[in-house]
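What follows is a set of notes on a single structure, which appears directly below.
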């Protein structure tokens, strides 16, 4: 029982994770580029023109993956926070703070691309629809996390406070999603409801999946890179940092 | 009996102290000394269980404090830099409520006696806002007179007190030690306590 | 192949502003984030190197 | 339990002592609600239509505004340290403070709401539902708010950061609360909304004190 | 004049130091504006109708919320005493602080408002008028707010009392500001409203610093 | 030269003192003494022009202070109980901004020298929030080292300072008096200043 656990904790120490992250991120970056190239090829050259929405629908190939990633990353942050609170590992706090900016970025991109899609399709940049609203709130939750952790100087305290925020926030995400949905159905009336894309052609599905994979790999690569910087900032007085090859010269 | 072994404290990227061992037995006092910023306040907060130590362990009656927290806190009286006084409440109300919150309610007569003894006669019912610096400190110190805590941890209790009040406080501390109490305190002023005592100098 | 010419490609059937606005901003955002992260890492490393060098000097 | 009562009494005493504190929270609520007819114009039909939303948003802001004094003063003058050192569990003391906050900043809003609702020409039935929804919702606001107040304790730029953290968490309460009144006005029945609000309250009562306590311990370190 | 620049710089520095302070005031504005559709419902026509009022009320609340940090911190830590003892006239120093407040809490609102207006489906013409009205109105909010902040300094229950004092004084700004946008949307022309707002601003610029100074001297006694 | 005649101070329904006469000439110091709550802080604030006296008048260089307020303030340095330190600014920033606000901007080099002399070497750039009690007081006291004020009014300047710092501060005060400055201060600790001095005991 104890043996595998100990191995896990070995990698959970910043000193051993730092070089590991250094080895891993280029692979994920390469994968991200490859998937993005394939995904973009399908989105622009393979997928046929939509008979209803014309070429405008091609926004779907980044809009949907970005939306997925924004929600997924928040869950991953909450996961790391739970680990951090449960096992008191230093690395987990660093991981969630490394993920937050990327998550916020995808939430923003989801809103941005959605707005650019909505204008030609619905004639409005924004409507107060369930999905749109809960995505907006998700962005606020990210920003709250980032602002709070940035406002606390002591990184250990910042991690713990951030962990509480992301856990409370993650309980709230499904609650928000469903509450906004029900709220909306009560006033269907004049509001424009989201037009479902026509049954998805297989090529479109592939394009979206590839782009989603690309974003996913990108997120991992950036988070690993950022966590390396965070580790260096926080551990700068540890002896292992002084002994790193890149610190010589 | 409070014992600590190998305590270390890190603030920012500065190691304030490390390898601090100390023990205080019933009837003993310990004065923590050191220059401004040496880490006295930090050490006292660690001993009281308010902030975690970077290294080392603390034992109360032979048991790690972490395991019997409530038990330890029931026997502890900690007064920090901030006097924990509500500006809007009177001295009397401040004393009574702070005692009740720490689980040892006080009746009015006892509280009044304590306030008079500490030199606040005639000021018991003024809102603390208008009290002078030294009078505010006295309100906080009045808690010493009305609890059964065994261990007192006092951070600069003599600050802002006039000469008479310093003597009086020394008397109170002596009494506590005479009753078999334990005392840890800091002070930049030279004070003469009776009984069995020790000094701990914090240096870099 | 959906496009007859490059200009058709850029026009996106009249939706050029919206499609390229989305793809362009996304690409720019991801690129900027990457650059910022690299800068953050580089800055930290430079700072640490300087500190370590100073330490070594003061020891000698 | 004694300590719970002691802290509740102390906080109520402090609120009374700052004589006008309870009244001013109320006035804030009142003024914000009255600003809308001024900003929007006097059409009765329009005002009736937006009344539940406006009243709920104003209640939410009034409750939020009073949050930063929930722990900040105690933190600054050292009382919070004393609470953490009390043999009573901190979560219990925290609950006492939250209850006091609700009694001084939440309950008065519930009682005043119908009067303000009249200004917007709401029916008496809608007023009843409004009160009920606020009665269930305002304790939730205090509970969630306490987490935010504890997290932003001693943090630079606390006040505004607090609203950033707390307002998104308030949204479900707002939606179900205002939704209940609107549903009733549309003849759809408010039961569903109100029971969801109740469920959220139960959840909050259970989890919020622990999260708050954890956050306070972090602030004290 | 040097001291004026010094205090302006110091306050801006403090705002920067609390890194996210400016941003969070903005976010507050943004979130409050977004709360209304949540409370009221998503109908575009209705939302467009209430948009000017909602945006102005939210701007007013955001400006007001940041008021209590205008003098309170300086009072508590003794900086205000030092300001009163400075050979530079206190009114000049106060103007510096007010300008810093507007730059950090007012100007950002002006810049963000059009984006939020889009969410309410306002026309680009209406958005322009909205920005103009806020540009004239927010400095007025800072000036009036400073008087209130000085008056409630060190007074029990200050925070809420402040809003009680200040919000009624904000009402003219609200009426002319929101009125300008509504008049324009109704095709009546916004000129009259805007020039009244400008006149109020001139009045405020002239009198507010003196009133604030007097109030500060009282608080210091 | 600062002179006061027949000063009286009333707080609530209490008359703290009345008929206080004092004068401080260049090269002189005056220590105000008295028990906690005797009214020392109240007297100093009245002299600095922060609160009005119930009775009596104050003259600066032979002129009533009320008539030449800005002139008086340009020559005055007052440090009260509260250190006037912004928690979010560093020691250096605090010193520079407070000097600039009182109309005497400081360049960085002078400010740094003052901070080092007052014993904050290596702490110049930490946010003041994390400084210890005594270090915060030192940041405030650093202002003494970089102004040309003739009259210093210091309320309990020795509080929270360690022994070394107390000596250093005494040295700074001596220097000021030696240069022909004037000094009014309070302290519950016994301090030895050189030069021409007097004590004023406030009693009921």
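Per-chain residue numbering starts at 1, and chain names A, B, C, D, E and F are given in the order in which the chains are listed.
In this section, a residue touches a chain if its C-beta (ideal position, glycine included) is under 8 Å from a C-beta of that chain, and two chains touch if they have at least 3 such contacts.
Values in this document were obtained by computation on a predicted structure and should not be read as measured data.
Student: Could you tell me the least number of steps, going only between chains that touch, from chain A to chain E?
Tutor: Steps on the shortest route: 1.
Student: Using C-alpha centroids, which chain lies at the maximum separation from chain A?
Tutor: It is F.
Student: Quick check: how many Å separate the C-alpha centres of chain D and chain F?
Tutor: Averaging C-alpha atoms per chain gives centres 45 Å apart.
Student: Using mean CA coordinates as chain centres, what's the chain C-chain E distance in Å?
Tutor: Going by mean C-alpha positions, chain C sits 37 Å from chain E.
Student: Between chain B and chain F, tell me the centre distance in angstrom, where each centre is the average of that chain's C-alpha atoms.
Tutor: 30
Student: If you average the CA atoms of chain A and of chain C, how many Å lie between those two points?
Tutor: 17
Student: Which positions in chain F are in touch with at least two other chains?
Tutor: 81, 88, 127, 130
Student: Quick one: which residues in chain D touch 2 or more of the other chains?
Tutor: 17-18, 156-157, 161, 164, 167-168, 171, 175, 182, 221
Student: Residue numbers in chain A touching 2 or more other chains?
Tutor: Residue numbers touching two or more other chains: 140, 143, 147, 151, 154, 180, 183, 186-187, 236.
Student: Quick one: in the complex, what on chain E touches chain A?
Tutor: Of all residues in chain E, those touching chain A are 18-20, 23-24, 27, 31, 34, 37-38, 41-45, 47, 118-119, 121.
Student: Touching residues of chain E toward chain D in the complex: what are they?
Tutor: Of all residues in chain E, those touching chain D are 17-21, 24-25, 27-28, 31-32, 35-36, 38-41, 46, 49-50, 52-54, 56-57, 60-61, 65-66, 68-69, 156-157, 159-161, 163-164, 167-168, 171, 174-175, 178, 182.
Student: Can you list the chain B residues touching chain D in their complex?
Tutor: Listed in rising order, the residues of chain B that touch chain D are 48-52, 70-71, 73-74, 76, 78, 80-89, 93, 97-98, 100-103, 105, 127.
Student: Could you pull out which chain B residues touch chain F in their complex?
Tutor: Going by the criterion above, the answer is residues 11-12, 34-38, 41, 81, 119, 123, 126, 130-135, 138, 156, 159-166, 188-189.
Student: Which chain A residues qualify as touching chain D in the complex?
Tutor: On the chain A side, the touching residues are 85, 137, 140-141, 143-144, 147-148, 151-152, 154, 156-157, 160-161, 164-165, 167-169, 171-172, 175-176, 179-180, 182-183, 186-187.
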